[in-house]
Structure formats: structure tokens, C-alpha cells
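Chain nomenclature is as follows: A, B, C, D and E, assigned in order of appearance, with residue numbering initiated at 1 for each chain independently.
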Amino acid sequence: MVKRPTLDELDLSLGKRTRMYRLLYEHGPGNGTALFLPIDQGMEHGPSDFFPNPPCANPDYQCRLAKEGGYSGIVFHMGLASKYMREYAGRVPLVLKLNGKTNIPSDAEAFSAQECSVEDAVRLGADAVGYTLYVGSPSQDRDFGQLGKVRAECDRYGMPLIIWSYPRGSAVAAKGGRDSIYAVDYAARLADELGADIVKLNAPKFRDPRNEDSPTPYRKLYQELKELDDDEAYRLAVEKVVATAGKTLVLFSGGSRISDEDLLTKARICMEAGSTGLIFGRNMWQRAFGEGLAITQKVKEILLAL
Amino acid sequence: MVKRPTLDELDLSLGKRTRMYRLLYEHGPGNGTALFLPIDQGMEHGPSDFFPNPPCANPDYQCRLAKEGGYSGIVFHMGLASKYMREYAGRVPLVLKLNGKTNIPSDAEAFSAQECSVEDAVRLGADAVGYTLYVGSPSQDRDFGQLGKVRAECDRYGMPLIIWSYPRGSAVAAKGGRDSIYAVDYAARLADELGADIVKLNAPKFRDPRNEDSPTPYRKLYQELKELDDDEAYRLAVEKVVATAGKTLVLFSGGSRISDEDLLTKARICMEAGSTGLIFGRNMWQRAFGEGLAITQKVKEILLAL
Amino acid sequence: MVKRPTLDELDLSLGKRTRMYRLLYEHGPGNGTALFLPIDQGMEHGPSDFFPNPPCANPDYQCRLAKEGGYSGIVFHMGLASKYMREYAGRVPLVLKLNGKTNIPSDAEAFSAQECSVEDAVRLGADAVGYTLYVGSPSQDRDFGQLGKVRAECDRYGMPLIIWSYPRGSAVAAKGGRDSIYAVDYAARLADELGADIVKLNAPKFRDPRNEDSPTPYRKLYQELKELDDDEAYRLAVEKVVATAGKTLVLFSGGSRISDEDLLTKARICMEAGSTGLIFGRNMWQRAFGEGLAITQKVKEILLAL
Amino acid sequence: MVKRPTLDELDLSLGKRTRMYRLLYEHGPGNGTALFLPIDQGMEHGPSDFFPNPPCANPDYQCRLAKEGGYSGIVFHMGLASKYMREYAGRVPLVLKLNGKTNIPSDAEAFSAQECSVEDAVRLGADAVGYTLYVGSPSQDRDFGQLGKVRAECDRYGMPLIIWSYPRGSAVAAKGGRDSIYAVDYAARLADELGADIVKLNAPKFRDPRNEDSPTPYRKLYQELKELDDDEAYRLAVEKVVATAGKTLVLFSGGSRISDEDLLTKARICMEAGSTGLIFGRNMWQRAFGEGLAITQKVKEILLAL
Amino acid sequence: MVKRPTLDELDLSLGKRTRMYRLLYEHGPGNGTALFLPIDQGMEHGPSDFFPNPPCANPDYQCRLAKEGGYSGIVFHMGLASKYMREYAGRVPLVLKLNGKTNIPSDAEAFSAQECSVEDAVRLGADAVGYTLYVGSPSQDRDFGQLGKVRAECDRYGMPLIIWSYPRGSAVAAKGGRDSIYAVDYAARLADELGADIVKLNAPKFRDPRNEDSPTPYRKLYQELKELDDDEAYRLAVEKVVATAGKTLVLFSGGSRISDEDLLTKARICMEAGSTGLIFGRNMWQRAFGEGLAITQKVKEILLAL
């Protein structure tokens, strides 16, 4: 089993260490794992995501869920953070998302433009910033340049940097797709190389036949996993990318709404495979408040069991 | 009915609170609602808009109308603000429009370039700035970057930010068009996410069959509204987008000249549905001065009745 | 008849007022009108323009003409201003042209790049700066951004801003062409909106049948002008654009060499229609020095007769 | 035989001289030659490169190899340097790679975007920075501009600049390819012209018939080398590019994994031909640790024999 | 005969005057004329240019030639200047070339990117900077912007600016080609307009039938020159462009290697026609050192005879 890095093992500046301590020990499960509640979908997908549970269109809904559910942090873009966090200040750690885009125009040259700064995050009392990197996009040169400046500001202010490391673009599609083991593994390494403290990844689709289109070592790995049962194969695929992320702590996302059983399985396997935490949004707030709290507790039990 | 946010409920800096107090309580109706007079059409559409009422080509016409009609503010680009506002200084609040374009070249990649700054607005004694965001345009990355810097300057100077949130581009057209409920709703959320204090929206066209091309939840909403009478459907459509805008105050635009009856209906329904105010231009100044004053009073009565 | 704005009526900073006083009262006709001598054609068109009168290829020729003819100012790009103005310092006001281009490559996306600054103009003792704006060009976003920064610098230093407001591009061509009443009128308004103190326009071609392709109000205006005799139609067309320019003082250009009679007619009608001045280049220096002085005096008589 | 420049002969600032002394005399062979261990392949190629020897996916593996093998320095991007170097600080000199890219999207317009700075290198205690220049790429204008700023910062901080000078693009392909003598020779000169202190080159493929497509002098050189035996031709080809690099010290890369015999031949000939050092990555760490140490010693013997 | 401007006649800042005095009177012929040795071909053309005389691949060769031959200055890019000039400091004036490119990719949109700065030139003790402007290139807007900033820095530091004014691009080709009288003449004027102190031009090809494709005045000039003998036509063509350059001192380049007789004829005619100097590279160093010195003396005799 891959061992998740502890805060003590990491070589962090005092500012980063202080803020990460809050995320890993003061809030959330409190045992060095983390559970984040993202609410950037209103920008990334539009309000469509809120129809299954209309009250969740009000960001206060997620703030309350984060507080009552005892999340490690909530993820907001600048506008929502500054308008809705007042009564949760200090009670729910803020992860400020620095860049974003809508899903309306083509993302053939996917690029997520920065619209607020690390300094904004400092002013708002945030404990980390989020940055979306589109791995493999034809716009990677702009992305690297933009991220480089954000990373330097994070170093300057002692602000932890969470990279949403998302494979995108036709070249990725041609090599197995954005959720192939190949693509997720490259995304994990890239975040480590570019200075992420934490990386958010999608769990690799280890049964998707498109893995056959990936470079040879990954094609072989995919074929080897075919010999194993689902749970074992899942664990090995996740362990691979967690190991690749190295000293970068890993969060796995929940993605679109799935069954509770699948969600808890995902949580369990990802954590057993060395992930430091989870970042589940739609699966938590696309349901009635009480149900959201209940599933939150079940996920936290998995985190606390480690 | 959606409740419009009051100034007291909003978490605003002292500078923003002071200036928004002027717009919402010192000028205009004075009861927390607002009526703005925009005169940026000479740049956006060219002088063609002034032919129906030639005197209105002189910006002093709109200044007088704003003053005598008791508007909450007048919207100018930099050139007109600095040349025509002298005798209205302090009497009519200024909203300085920071970016703009002509309607001459293709707007396939619509982008409105910044030509003056928040600092200019401070120097001119403005009480808010305006920024046009083209939601869904292929140029969204440049737009987000440009807006992000404006937003930060607004925070720095305590200057309220009004976003003209306008869906544009072929991807929008393919999903129901720029005035579909889907597009306007996304535009409302995006303004909230990106840090608008106030958002200017076009009222959604809730009867336009192109809503059928929108993502499923909106298609269904459109179909549900078909069952209702016009007034009720109108109200529900507007309530939807006002609710989506959240803690961002909403202004609805008047658009091109319509009948007085339609205009007053629009005003009444938008306000009943939770809008904070209206921003009516051509419908006010594309007619004789006395008529403009008269229709202004009728609209203000609706605002005062709330 | 359109009344031209006087300096006293304009709301100008002390610096702009001082420099514009020099241009309008200390030099040139001295009665509040202006006659400028531009010599930027060597960049914009190349030395071809100098063949009809070889001595005029030496910029000293234009300096002498400007001084002996008593012009309100001479227009130079940076290189010529700094090399040729020494003995004319204080005697001939300098208008420093800030941006330019050659006519060699395609101007399908016409854009005139800035190559010197308002600070350069201050250092050279200039009394105004010139900026070419290509109205309707696909590059309008870059143009607006560049102009916005120049305009802000002008405000900072109290330097009058003269915009060469030139319609360009295929979208302009499709709506009547660069000299249509529509295009020139839009150009006049745009300069006013973007903060010009003075705008240089080409006189509209009110007889050109391409005006039929313009938006409806302009098509109708063109048709109405067909009913009038040439002089009356000319005056009305010019009055229209002068009125549109509002508090921005208007200069009409001479364009390429025309007959003396046509030139003087143009001068007379433009001035009677409310123009503040003229900016004639090739018509003045594409002839022998004595002839240039003589035609200068005839034009100045028209200006002085107002 | 080409004589390699000594540190004393070079005109270097005190800061550059101090840091280069550490690289050339305090660490590595210690006789003025150098052996570097690069570990930027995780970004440039992705984790595929680590499958032949799984432990090498952990950057600590390379750190240990660099320390125990006594390398002159290790090459890291920012993220890995700041996370993995703590226990090697001062023991293994750091070369911080400033720009990078993935190999996922097309490299038709190859450009490696800067993601950290010379100031970062200073803060991390690095003894040199690395910059990848794509010689002949259509993006050369952006590359030159970016490199120029890096070079100026290196001068400011006294930081040695190592240029990875890599021919790329269709125009290079048309003239013999990226490893033709022509392309490598041009790359060597360009690094010298642009201010490299050290240049990393690939050894030219002196037997590749595509050299026939190179400009005449190189085509002739290729044909002359055909007359010679492999060793002699190899040496002459390398001497040519080392001579062209002039006062820029040359490192030759190992490229993808080759046989030990070929690797040692390459090392011997390159060093005999005047190279200052070698930069071997995959050939060192794509094997068991002990084997990696053993081959390291064999290469160092060649360096020490000079 | 065109009279070349003397230093006393030019309106220059003290810094520029001091440095130009060094170039025109302290070094080189010493009589107000100049002979420069450029060695930027290793970047612009690659090392191919050095095959005819292998020792010249070492920049020290050109340094020695410049010193022993008594040149007015040597032209280097940053890398070579800082590595090779140590023992020639103060003995050979340095002209630092600020921008450059390789000849590998297409130059359809020719643009020479800046890679060092005027401040670098000051720090290196240079007496002038060189800038390549591609007249007529589709990239002229970037070029004008980049040059404008360089020009301003030159004014700030009192550093003479030499513009390599080179016509390029398909629009130039369509009007007679890069060496047509039309193109060279436009290039001369443009340098004067954009603030060059000195302009480097290629001698116009006055016999090339492609001059027929140039604008009418140049077509006629070409035809008139056909009536004259070669020497007379050459002189008149050169006089034309020297006159057009006005107060900008003109240097003519030698281009690729030609016969000694042709070179001396070129030198003589260019100087008689008013050129201030010559900038000969390949014709000087693509031969044995002694021969290079000998031809240098012959050229200097022409300069001294004036």
C-alpha cells in the first residue's frame, strides 16, 4: 500500500505549514486526511447543476453544509467567497479558486483564465488557492506561464497551492482520453513538477478500452489490470497515480452524481490507496440537506478509519 | 416571490457601501431600488440610435433627463463623462463604463476592450463602474483576465462593479440563443461568481421556441412555462434568474424601443420578481423630452410602490 | 448652422486649456480656428508623396512653410520632430503623432502601433498628440486598449488629444465605405466617446451611391441630400458629423491633391458647417514654396472671416 | 583536438565564476569537467520513462544517485527541487530548469514556457539555471524574447545559464533534421550568441543520410565524413560543433537508453573532442541503483582521464 | 552631390553626441566617416557563413580584424559581446545588436525579437545599439511597438540608435522586391521617421527589372536611370535614398561576398553619393586575415579621400 505523506515529512515554509495544518488537523476529519466541498460548478457548468436540488443554488447552502458537516474546506471563486462567507469566517476554511471558465465555447484549446490573485486569497483569509491546469492542451504554454506566476506568489505568501490537474484536448483523446491511466498519471506527475502542494485528480477509468490507445507501458498496465477483480484493479490504478504524485498530496474528485454505494467504494479505495483526501461536490449538495449531512458522515467515517 | 437583497444584508467594504447608498437611497427612487439611464449606445451602436429623436444625440440631453427625471445614475464612457457632466456633478451619480466596442466588425469572438480604468472613475467622482462581459464568447479567457483586474481595482478603491452580463457567440446560439432562459441564467450566476455587485441582464425570452435547444433542465422549464399565462410565466422566468444572481443586485435592461405598455409591464414584473432596478435607455430618450420625463415618472411609480 | 464650441465652453484641465489656447489663439489664425500642416505621409504612404515637389521631401520644407505661413501647428512623428524642429521651437507648435504604420502590407486588420509616448511629447514641448484610430477594424479591441492608455496619459499630463478617426475594414466597406456619411458620423461619435479633444475627419462623400448600403437612417439621409444642390448637401452632411462630434473640436482633412477651387470650397463649407479647423498637407506642400504660402493665405482668409 | 575553455580563460562575473567553480571543481569529477544528472523527463515525456525501473519514479532516487555517484549537479524543475532536495542541500548542486512543456500536444510550433524564475533559483540556492531554446521553431520570436529576459536576470544575479539548444520544426526537418550536423552546429552558435554560459547539445548524427538535405557546406562535410571510419568521423563531427560553441562550455546529452558500450564510446569521443561534460539521465537511472552507480563510475573515469 | 550631415549640424543629446564622436572621430577613419564590422551572421545565417574561412568562426578573429584594421566599431549580439570583447574594451567601439532571428523558419511574417536591452548596452560600454526593422512585414505593428520602446530607452540613456532597415514580405515582393529603389527609399524614410540616428541600408538594385512593379514615381525613376551609364545611375539611385534618409546618417552594407573591384566601386559610389559610412562583414572576414586587413585599408582610403 502506498503511504500517504504526513505534514511532518514535507519540506514546507512556515506559512504553508500553518495553513495546511488548519486544513488537515484543525478542520475536517482532523487526522491528517481531508474532505473538501467544491462549489465552482456554477461557473464551470452553469446553474444547470443546481436543478436536482434547487436550494443548493444559493451558495449559503454549501456554506452551511460545509460547516455542519465539518468539511476541511470549501472551494469558491472570488465573487461567492466575498459575498457569502461572512458568517462562516474562521469556521470553514476557504480555498479560493483563482482561475475558471464556462463550458459554453469549445474547449479544443482549453485554458482557464486567472480572475483573482493569491493576494486576494490572503486578504480573504483563505487557507489555500486552487488552480486548474489543462494537461496536454494546445494552450499549455500560456497555462505554464500563468501557473508559474501563481506558484511564485504562493511561495511568497506561504499559501498552499492545489492544482486541479485535468487532461484535455485532442492529443489526450488520441492517447486514451482524459481519464485514461496514462493521462491521469501524467497529470499527477506534472502537478508535482510544477509545484503543487496538493493535486486534485479524477480517478482513472481502469476498465475503459480506450486505455489501449495509450503509450505502451500504460497499455500493458491496463491489460494486466484486466486480469484482476474490480476492487483490486481499482486500488492498483489509484495507487499508481498516487505514487506518481509523490510528495504532492492527492485529492480525488467525485465527479457527477453516482450511487451512494459507488461513492463510498470510491472513497474507501482511494483512501486505502494512499490518497490524502477527497473533494466531493455534486454528490454531496445535489440532494436534500439532511441527506447531504448523512452521506458526509459516512465518507468521514472512511477517512477517520485510516 | 424572490426577496431583493438590502444594502444592510450585503457584506460590503465601507467605500462600496457608501457609493451604493448614494445610488440606492440618495438618488433615484430612494427606497433601495434604482433606475439608471445608459448612454453608451453612441459607441456600441453608433449615432443611428439618435435619429428617432435628434436632440438626444447631444449627451446633455440625457444629462438633463437624468437630473430632471431623478435617475439613480447615468452611464457614460470616459469621453462623454469628462466633457458633459460638469454642471451635473454631484446632482447625477455617474456610472463610468470601462470597456466598449462598436457594432461594425464581426462579433463572432466578441470582446469588449477596456479603455478607461477604475482610477479614472475615482478621479471623476463616479459612484460605480460598468463592465461588459460576453458570456460564452470564444474570447472568454481574455475577458476573465481583464475583468479580474478591474474587479481587484474595484476592491482596492471601494468602487461598486456593475457587470453587463451578455451571452454571445455561436455556442450560445446553438443552445437557445443569447436571450434564452439558459443563457441569461448562466450570465446571472457568472456575474455573481466573478464578483459583480450589480448585474445588468436582459429579460429572458421565455416564449422563444429556441429554448428547446437549451440543456435539459432549461428545456423542461421552458415547457412548464408554456402551460402558464404570459404574466405568470414572465414572472417565474425573471424570478429564476434573479434568484440565480443571488447576492448580486439585478438590473434589467429595456433594450430597443417598445410600447409604453410593454415597457411598464416589463418594469412591473421585473421588480415584483425581485429585481433591484432597471436600466432603460432608448425607451426613455428616443422620444421628446417631456414624454421622456413622463414615462420616467410612470416607471418610478412602479419602483416606489414596492 | 452648427455653432463651434469655444474654449471657454469646454471643461478642460489647466494643462489642456493652456496648450489648446496656444493652438487656437497664439498661433494660426488666432481667432479660435486652426490650420494644421501634417507631415506624417512619409511614414504612412512613403516618399512617393514627395515626387510632385522634390524639395518637400526635406522636412525642413514643411517647417518653414508652417512658420512662414503661420500655421496653428505642424504634425510630426517622433523621429522628424526631434531632428528637424530645433530652429522652430516655440515658433511652430508641435503635434506629435504617437502611432503609425506603412501602407505596404494589407490593412485588412488595420492597426496603427504606438511608437512614442505622451511623455515624449511633453519632453519635446509639444502642444498636442495625435492618435490614429481605425474605426470598425477587426483589431478594434487592441486599438481601444492602446488608445485608452494614451488618453489616460494625456489626462495625466494635460496634453490635448487629437484622434485621427478613420473608418477601415471589410465591415465598413459593406456598409457604404470609409467615407460614407454613416462611417464618418460613427467615427465622429466614437472620438467623442473615447475622449478626443479634437477629431480629424475626412469630409463625407455625400454623393457616393455606396451610401445606399448604409443602415437605414443614413440611407434615407443620403437620399434626402440627393434632392439638394451640391453646396447645400455638402454643408448638411458636414453639419451632421460636426454635430455628432459634440464637444470634440473637428478638423477636416484635405486628402490627396485637388484643385484650388475645390480645396477652398471644402474649406469654406467645412468651416461654415461648424468645423473648428482644417488639416491640409499634400495640398499645401505638393507645390512650390511660394504657391504653398499663397494658398495657405487664401485658406486662412476663410478661417479669419468667421 | 579542440581545447576546452578553462574557467580562468572565461570573462565571467564574480557570481557566475563562484557558482561555476562549484560545478566544475567542488563537485563531480573536480578537474574542470562535469557530469550532470537530469530529471526533467517526468514533465517532458511523462512518467512513461520510469517504467523500466519503477523506483526511479521517486525523485529521491535520482537525488541519491547524484549524491552517491558524485555528480556535478542534478537538474530539476521547480516543484521537485523544492520538495526533494532538503537532505541534499549543499551536497548536490542544483540546476533549476526554468521552462518546460509536456510532449502531449503537437510541437509544430514548439515553445517551452517559463514557469519559474532566476530569482527562484537564487532562493533555492541553485548553482545554475537551465533554459530550453527551440532553434528554428516558428515560435522563435517568443523564445528569443523570453530567453533574453532570463539571460538578463542571470547577469543580474551572477547565475550561470545553461541552454538546452534543440533544433525543432518543419524547417529544420527539411534541412536535414534536428540531429543533422547543420542543425546542431547552428544550435551551438545560437547559444553562444544569445549568452549561454554552457550549452547542452545532442551529438550530431553524422551518418544520417538526411544530412544530404542540409545547406551545401554541411552536405559536403557529411560526404567527407563518409570517407572516414566511425570513430574518426564521430570525433570530427563533435569537434566541429564544440568549436562552433566557442567560449560556451558544451555538454552532450545521452538521449534515450543505449548500450553501455555505445554510451561509453559517446562519452569518450565527446570529451576527447573538447566537450566540457556530459548530461546523462535515462542511461543512468533507468537501471538498478547499483548498476547506475557502476556506469556512473565508468563515465567519471573517462572524465578524470582528461 | 548630396552633402552628408556633420555631427555639428545634428540636434543630439550630450550622450549621443559623445558616443557618436567616438564612432566618427576617435575610431575608424576619423574624419567623420565610418567603417563598421558586423558579426551577427552566426545568428542570422548560422555558421555556414564561416566555411569559406574557418578561423573566422571564432569571434576573436573579427575582434582582431576590427582592432588592427582600425574599424569604427564592431557589431555583436549580447552573447558574443560579453564573452569576446574583454581585451578589446575601449580599443574597439561596440555596437550591440538588440534583436535577431535565425534564417531557419519562414520569414513570411518577418519579425526580429529583442533579446537584450539598451541598458545591457550601457553596462557593456557600447557606443551604439543596432535594431533590425522589417519594413512592410505583416508584423509591422509588433515591430513598431518594440522599436518605439528601444528608441525611448536610447533617448533616456543617450545611446545612438542604428536601424537595420530591411524591406520584407510578400507586399514588398509585389512592388519590386526588397532591393528595389522604392523599397530601399521607403526604408530610409521610415528610419528617419522612427528616430534612427543612423540607418543601415542595402544599396538599391537600380538595374533590376522588378523595379517596373514599383509605384509610378519609382517606375519612372527606374526607367530614367536606364538611359544612364552604370556609374552615373548607381550614384543617382544611392543619392536618392541618402537624400530621403535626411538627417539620419546612412551606412551601406556589403552583403554577400563580391569581387574586390565591385566592393571598392560600391564603397566609392556610396560615399560620393553622401553616405556617412559602410558596414562590410562577409567581404572582410571571409578571407585570410592579411587579405582582410589589406582590403580594409583600401576601403578606408576611399573614406579618407572624402
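The rule is short, and it goes like this: a residue touches a chain if its C-beta (ideal position, glycine included) is under 8 Å from a C-beta of that chain, and two chains touch if they have at least 3 such contacts.
Everything quoted here is computed from the prediction, not taken from an experiment.
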Where chain B and chain E overlap in contact partners, by chain label: C
Euclidean distance of C-alpha centroids - chain C vs chain E, Å: 36
Numbers and ranges of chain E residues touching at least 2 other chains: none
Cyclic chain order when read starting with chain C and heading to chain E: C, E, D, A, B
Touching residues on chain B, where the partner in the complex is chain A: 10-11, 135-138, 140-145, 147-148, 151-152, 155, 167, 169, 171-172, 175, 182, 185-186, 188-196, 215-218, 243-244, 246-248
List of chain C residues in touch with chain E within their complex: 40, 42-43, 46-48, 51, 57-59, 77-80, 82-84, 86, 99-102, 104-106, 111-117, 120, 123
